[in-house]
Every structure is written in structure tokens, then in C-alpha cells.
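Lettered A, B and C in written order, each chain numbered from 1.
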Amino acid sequence: MTGQTGEARRLPPAIDAVGLRRVYDVKPKAVTALDGVDLQVPPGEFFGLLGPNGAGKTTLIKILTTLLLPSSGSARIFGFDVATETRRIRRIMNMVAGGEQSGYGILTVREQLWMFSQFYGLGTREGWRRVDELIEAVGLGEQRLQRVSTLSTGQRQKMNMARGLLNDPWILFLDEPTLGLDVSAARGIREQVLAWKAAIPGRTVLLTTHYMAEADELCERIAIVDRGRILAIGTPAELKHRVQRDSIFRLQVDRLDGGPASLARLPGVVSAALASDTAPDAQHVTVNLVLHEDAALGGVVTALAGMRSQIRSLGKSEPTLEDVFVALVGRGLADEADDTEPMPPSSADEDVAAAHAQAHDPETGG
Amino acid sequence: MAVTEPLSAAVGGIGDPARAEGRGLVDTLRHIRAALLLGWRVESNWADPVLFAIYTVIRPVSSMLLLTVMVTIVGGSADATARTFVILGSALWAMLVSGLAGPAWSVLEDRERYRTLKYLYTSPATFLVLLAGRGGARLLTGAMGTLVALLFAVVALGLRIDPMAVDWPLLVVTMLLGLPPVLALGIVLAAVCLQTRQESWNYPDAFAGAMFLVSGVVFPLAILPDWLEAVGLVNPITWWVAGVRRAVLPDGPSSIGGTGSLWTAVTGTAAPDPLTLIGGLFLTGAMTTLVATALFRGSERRARDRGLLDRTTGS
Amino acid sequence: MSAEPARADSGTADATPTGQLTPAERRLAADPRITADWTRRQTAETNLRALAGRAYPRVRGMFREPSWVIFEILLPFLGTSAYVLVYRALKAPEEYVGFVVLGGALSAFWLNVVWSMAGQLYWEKSQGNLELYFAAPMSLMAVLLGMAAGGLAMSSTRAAAVLVISASVFGVQFDVQQWWLVCVVFVLTLTALYGLGMMMASLFLLWGREAWHLTNVMVEPVYFVSGLNFPVGRLGAIGVAAIAFIPFAVGLDAMRQLAFPHSDLLVGTPPPEIEALILVAMTVVFTGAARWCMTTIERMARSRGSLSIRWQ
């Protein structure tokens, strides 16, 4: 799952950050964007930084891409120091940011990319060949001779992605690459990145995003960042497992004699409660079940059969990365970093949280 | 933070039918005022001595010195009259260049630097009015430069102006009548810049340099061939400069007329009198303003058609 | 996405000294440390390619938006004509017309430096290109040189047009005796001018948007102290200072002396050979200062975090 080859294991870490701090000296009060970040990413990994706006993701990427110096601490890219070995790092990395408006409107897509290919030392002919190849790969074949100033947002981002892949970087930094794109364009970007990574084993990708689904889909490991600190690191499954010890099911039956209490008494059932979003005149009963483990579900089904209740639907509630974030930080991913007011949960979420709270006190630490 | 109260009808909120229709002249005047204020805030540099020095002292004085030295070093063939002629014209030039550059640079700044052009354009305010307002603010800044240059000329270059001899009514009328055509020419440049790229920053300077030739600023139009002199006579700047010269130095030479000039050949007079100057300024100014408005509208339409209003350019 | 050619695995790379790897092989090597380790030749080639790459948009832009023909050739010719007519009105010696024409032609390069070089990095930052340039492996000096080379194409066209048209229309007679020296002085003037432009570009980047205003102080004031339309020697001490510090002043005066070698109006300035040496010194100083500035400014910008902040 980590994508490491035997060769990759002999290489130094793609990213090795120790105690990274970055303070911006702004008025009226200095801002600490990064507050002691330790991070190690092995070669070949698709690593994600997930956090709200203002968490420090972009600051971290700018340090790692040699655009910004840390206030203290150190960071290395494949063993090269970001502060002192910038030239070497720039030869093996590239970056693509979301919402980029860079480039020269007067040039065509093909010319724009060729210009950048020259910046990375590709030969003239090699540059054109590589540009034409990437234009087809990202799906801009029809726009290749179109001026950059006439591209749509999605097309421009595809062009930016092609630019990011020109030099086959050993490490590709993606700073919210799908920002502002529609579903189809965003999916296209993600597919391009995955395809490129699959085509050249050993390449590392660092992705920052505040879209949970994107991080969940793409990343092998994720670090959750907030207020300049990494709160947790792990695979998506590991992170979700942190906040969910019990199995939570949403069960809909045609009738339930004795109400949820009849299920709560069963072995392995932590709690059973009526879902608050059930309409009073509904022809069914919806129950939120919290079980110690999935295996206890069998007993519930047997009991329901004994009660002559017919199961209409049964679904398992998985925590999302946002649940992970809320559990770690106490507010939603969409909230600003300095906004302490939490997002109001949905009624369904309230039920789940209430059922969970009946059996356990939620863990709020990192 | 939630918006809890809708705008009341009194301020054009929900329930006010005028909100979609606008309020005609009231809105226009308000937009001009807002644009002037915005332009003033953006352009004025009173609080920063360095910027004040650059725009209001160094540039105007340098322009004046450039021409004054040209006249002075020629030596015996130049006299005090020629120096005075050149000094007064070049002092006015600071204001002219500011007025020409104002609308054009506003387009470039708003499109390239502040990225607000599309927002200004889609606001209820008339875009032309906004540009004119911004240009007006820069024109006022240029006027300060003209005053500083004149002061310098009086103190350091020996320019003699007798306040008692100045024709103040003519000066006021000429200045007031001259502002709209200057802005109009700036609007023409703005129309060009709507179509061109970021590298158009120096277009106003280039245009102003060309205007030197046909506006009687630094030499009488009589020197030009007849066809060029005719171009100069339909140029409102020529009448503006001549009117200011006549007002400030009633006994000084005029840039219009003189021996061998087309003006003298056609009208039989050595130089236009004050009323003729005002009339010429009004007519040429009105024509220029109408043409500039039409050109701007055309450029605006083309820019909308080609999606140029929200592009950023650069090479 | 098409399959990439097989990578040079570590076995192959070990067998072949890394200095003999082609750029493509180096790019696809099995170890990033091989990819990152460029030879001097590769570094130099990349910088040259970057120069060509950066010049490309400027040259392309010339052909894709022809409005510059009016604003960069016709109007400047008219502006030059105005100054010529001033001298004709004053009945000045005909050499002054030649001085004006040469000044008008050479001013094309000065304006290119001021408008298209000095503030250009600030514009690049504003557009988001600057951080991409810094993140790329080429030297930023190559980018600046590319901007200069690209701008030179348009400026040369303007200068040539103004010179030829004005000289023809106004009957200017140049009397060049040392063509080789004219060419050398011209080239040195350009190198000094664009060296200054590169230095200003890096300084403007440091000073941010306020630096744009300095562009305005470098037109008319420099025209005056450089003697755009008159011999700079007539300005006395001011002229001497201009000769010492402003490449436009030195180059223009040297070109005038070489174009009108028998004129007794060009007094108070060193002979063109000395001025050529001054231009050499300026080129070295400005280019060296530009390089130092770029390194320092990159370090400061990385420290302050201002590489990608548009409003700074």
C-alpha cells in the first residue's frame, strides 16, 4: 500500500521535517503558521495534509518547495536541506497549486508548456515532444493551440498539472489542486496524478487539501493539521478507527414490538435508540444501534426474526475524516482556523453521537 | 456572522423599484463622486513625501527643465520670449500627461494589478463615468504638479508673471473648458488599453509625446506645414494651451497664428482673441468628447465580445 | 498516460559515471540524488534554454498584438519630430537635429529597461509566475536576461525605425568615421542598460509595489540629466555625474561624438573611447550587482515569505 519498492527503501526519506516552525512577522501580532511540525514521508508514498484554511498546509508546502525558509527546525527532501540545497531540490521536484493564474495569456497552451520545459532543462525537441505527450495525457488536445487567456478554469488547471509533470519530478507537491473545479474536472485531475504515479514507480506526492473525500481516495497516509500542528498521522482507516471503537448501524424495520429497549437488552448491544429523523406517521421504525462488534449483529437479526419484524434496510455508519477532525479539534473542517464556534451537527449525526455517548466518553485528545 | 436585516427601501433595498432602474442623474453624480474619491485615494500621495516628490515635483520640473535647457543652450538665437513660451507650455504639460494617463492607467491597474475591472464593470455604475472620475483625480494631482513647476519657474528660471495682469476670468473658463477634452483623450487611450496587453503602460507617455507636435506647447503651430497645422487647430489641447498662455501672459506670443500660419492666412488675424479662444476650445473640446465617447463605446463592446474585460495579460 | 521508457536503474548508473548520463537518463534515474546532481554543462544549458524560453513570450507577443507599431514606432517618431521642430523654430545649428534623432532612437532601449524590465519581477509575482520561477532549477538571472533579450527585439525595431525615418525626413547627415567603435559602443550601451535593468528588477522586487512609482522618476528626470535632446556636457557637473552613473547618458554621448566627430558642440565629456570603458565598467558593476541582489533578495524573500504575496 505504501508503494515502496526495494530500491525506494534504500533512499533517504522523500520528506524529513523535524521541529519545523514558521512565524510571520505581521502587524499587529506575529502569526505562528507552523508550530513544531515533525513529518517523515518515505519515497513512493502518496501523502496527504488535511486541514482547514489557515492550518499551515500551504506554509509547510512552501517550506518544502524551497520558497520559504523555516523560522526554526529543519526539513530535507531526499536528504537535501531545503534551506541550503535549493538547486538540487528544484531539479527533482515540481509543484501545482489550485487556482493558479500563472502564465502568459498571449501564448498558446503548447507554447506555455514548452517555455516551462526549457526552465527545467529539457532539450528543444525533447521539450516539444514531452509537451505534446502531456497535453494528450491531461486531455487538452483540442486546446493545444488555444491561447492561455481563453482557457476555462478546469482547462487551465489541466495545463498547470501538465506543467507540474514536465520534468517527471521525484516529488510532486500539490497544493489544493482541485480547488474551484467542478466534479468532472476534479476527478480528471486526480486520475491524472494517480496515472502518472503508477506509470513511474517510486515517485512521491504530497497533497494538501481540505476535501476529505479527496484525501480519503488518494492518500495512503494522511496528517491532520490544525493551527500549525500535526494532530494525527495515519492511514485513512487508522484515523477513522481512532474515533470509532464500536460498530454503529442504522436499522430500519417495519415494526418493533417493545421499542428499541427490546434490542438494547441483547448480548453485544451497547445501545439502541430511535432515530430522531423518523416521521411520526412513518410506516417503519428506524433504530440506531451501537454494538460492541459487528458479530453481535447476528443476534439482533435473529431477535428481530423472532419478533416478526421485517428488516427494510441495514447500513453501517462509518466515521468520516471530518468526524476524525471534529474529534481531534472540536470543530468542523469547514470552519476557519480562528473560528471557535463549532459547526452545528445534522440531526442524524446527533443521534449517532448521542448513542455513542451513552456508552463511551469520546476521546478528544490528539 | 449572519446578515439579519435586509436593506431598507430607503437605501435602495428590497421593495425599492428604483433599485433595478437606477435614479438617473443622481446615480451618475454619485458614481462620479465615488470614482473621484477612489482615484484620489489611489493616486494622491500627500502622506508619502517620496511619492509626492516624484509625481508632483520631480517629473513636472524635469520636463520643464528639459525644454528650457534646449532653448537656453541654443544661445543667441533664442530670447526670453521663447523661454517663457516654452516654460509655460511645459508646465501645463504635467497636467496634460496626468489627464491622458489617468483613464488608461486605471484600466490597466484595475485589470492587471487589482483584478477588479470586471467587478467595476458589472456594478450599476457606468464604466465610462468611473474612468472619467479616476482620470479626474489624476488630473487634479497633475494640476498640483503644474503649480509646483510654475513656482519653480518663477523662482529659478526667471519666469515673470504679474498677477494683476493675468486675465483671471479667461484662465478659469479655459481651465474648466479644457478639462473635459483632456479627459476625453484619456478615455480614447483607455479604449485602446482595453484591447491591448499589460505592456501598454507607456502608451500614454508615447501619445503625449506625439501631442507635443500638434498642440503648440513648445513651438508655435506656424512652424508646421499647413496640413499639420490644420491637425493642430482641431486639437482641443492647442486651444487650451493657447488660452492659458493668453490668460497668464496677455502680451506674450500665441501658439496659434503668426506670420505664415494657416490661421492668419484663413482668418486674417495675427492671433485669436479671447472669445475666439474660448469658442475654439469649446467646439474642438465638444467634438473630441463626442468622438472619444463613441470610440470608447465601440472598444467596450469589442472587449465584451472577446472576453477582454477580465483577462490578465503579460509577457 | 504513455509508459515511460525504462529507467536507468542504479546498476546502470553505477556502471556509467553520472557525468555521462544524458539529461533524459538523469531525469529517469533510479536515485533522485543522481537526478539532482547536474553537471556544469547541464546547468549552463538549462540557463541558456531558460533565457530562450523567457524571451519567447515577448517575441511572440510582438507579432500577436500589433498595436505597438503605432505606439512604439509612429508616436515616438512624432515625439522626436516635435523636439526637432523646436530646434528648427529656434534656428539652432543642424547638429542639434541629429542629437535629437539619436536621443529619440536610443531612448527606446531606456524605456524598455524602465517599463519592461525594472518592474517586471513585481508583475511576475503579481501573476503568480515568480514562485514558479524560483521553484524551477534555472537561475533567475537567465530569466532576467531572457526578458531583456525579448524586449530588445521590440526596442531595436523602434530605435531603428525612429532613426531611419527621422534621419530621412529631417535630412540628418551622420559622419561616422569609426564604424567598429560605433558598434562596440552600441553593444556596450545595451549591456550596461540591461545590466542596470536587471539590477532594478531585483530591487523593485524587494521594495514591492511602491517601487513601481520609481519607474516614473526614471523617464523625464533621466532624459534631462542624460541630455536626451542636447549635449549632456552642457549641464556641467550634473552632466558629469550622469556620465558616471547612467548608461543611457554615456552611451548617447559616445554615439553622438562618433556620429558627429567634427562637431564643436559636444564638449565637456570624455572621448568615446573612455566612455566605452565606462560602459564596460558599468556592465560589470550592474550585472554583478544584479546577481548579488537576486541572491540576496531571494534569501530575504524566502525569509519574509513575500515571494508569493501579491500585495507586498
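General remarks:
Following the convention adopted for this analysis, a residue touches a chain if its C-beta (ideal position, glycine included) is under 8 Å from a C-beta of that chain, and two chains touch if they have at least 3 such contacts.
Bear in mind that the values here come from a model prediction, so they are computed numbers and not experimental data.
Of all chains, the one whose mean C-alpha position sits at the greatest distance from that of chain C is A. Central chain (C-alpha centroid nearest the global protein C-alpha centroid): C. Centre-to-centre spacing of chain B and chain C amounts to 31 Å, using the average Cα coordinate of each chain.
Inter-chain centre distance (chain A to chain B, centres taken as mean C-alpha positions): 55 Å. With centres taken as mean Cα positions, chain C sits 46 Å from chain A. Residues of chain A in contact with two or more other chains: 101, 104, 106-107.
Residues of chain B found to touch two or more other chains are 197, 312, 314-315. Under the contact definition stated at the top, the residues of chain C that touch 2 or more other chains are 57, 60-61, 65, 127.
By the touch rule above, chain C contacts chain B in their complex via residues 57-58, 60-61, 65, 67-68, 71-72, 74-76, 78-79, 81-83, 85-92, 96, 111, 115-116, 123-124, 126-127, 150, 209-210, 213-214, 216-217, 219-221, 223-224, 228-231, 234-235.
Across the complex, chain C is touched by residues 7, 11, 22, 24-25, 43, 59, 62, 65-69, 78-80, 87-95, 100-104, 106-107, 111, 114-124, 126, 133, 137, 163, 167-168, 170-171, 192, 195-196, 199-200, 202 of chain A.
Put simply, chain C touches chain A in their complex at residues 1-4, 7, 9-10, 23-24, 27-28, 30-33, 35-38, 42, 45-46, 49-50, 52-54, 56-57, 60-61, 64-65, 127-129, 131-138, 299, 302-305, 307-308. Residue ranges on chain B touching chain C, taken from their complex, read 45, 50-51, 54-55, 58-59, 62-63, 65-67, 69-71, 73-74, 77-78, 82, 86, 112-113, 192, 195-203, 205-207, 209-210, 212-213, 218-220, 223-224, 312, 314-315.
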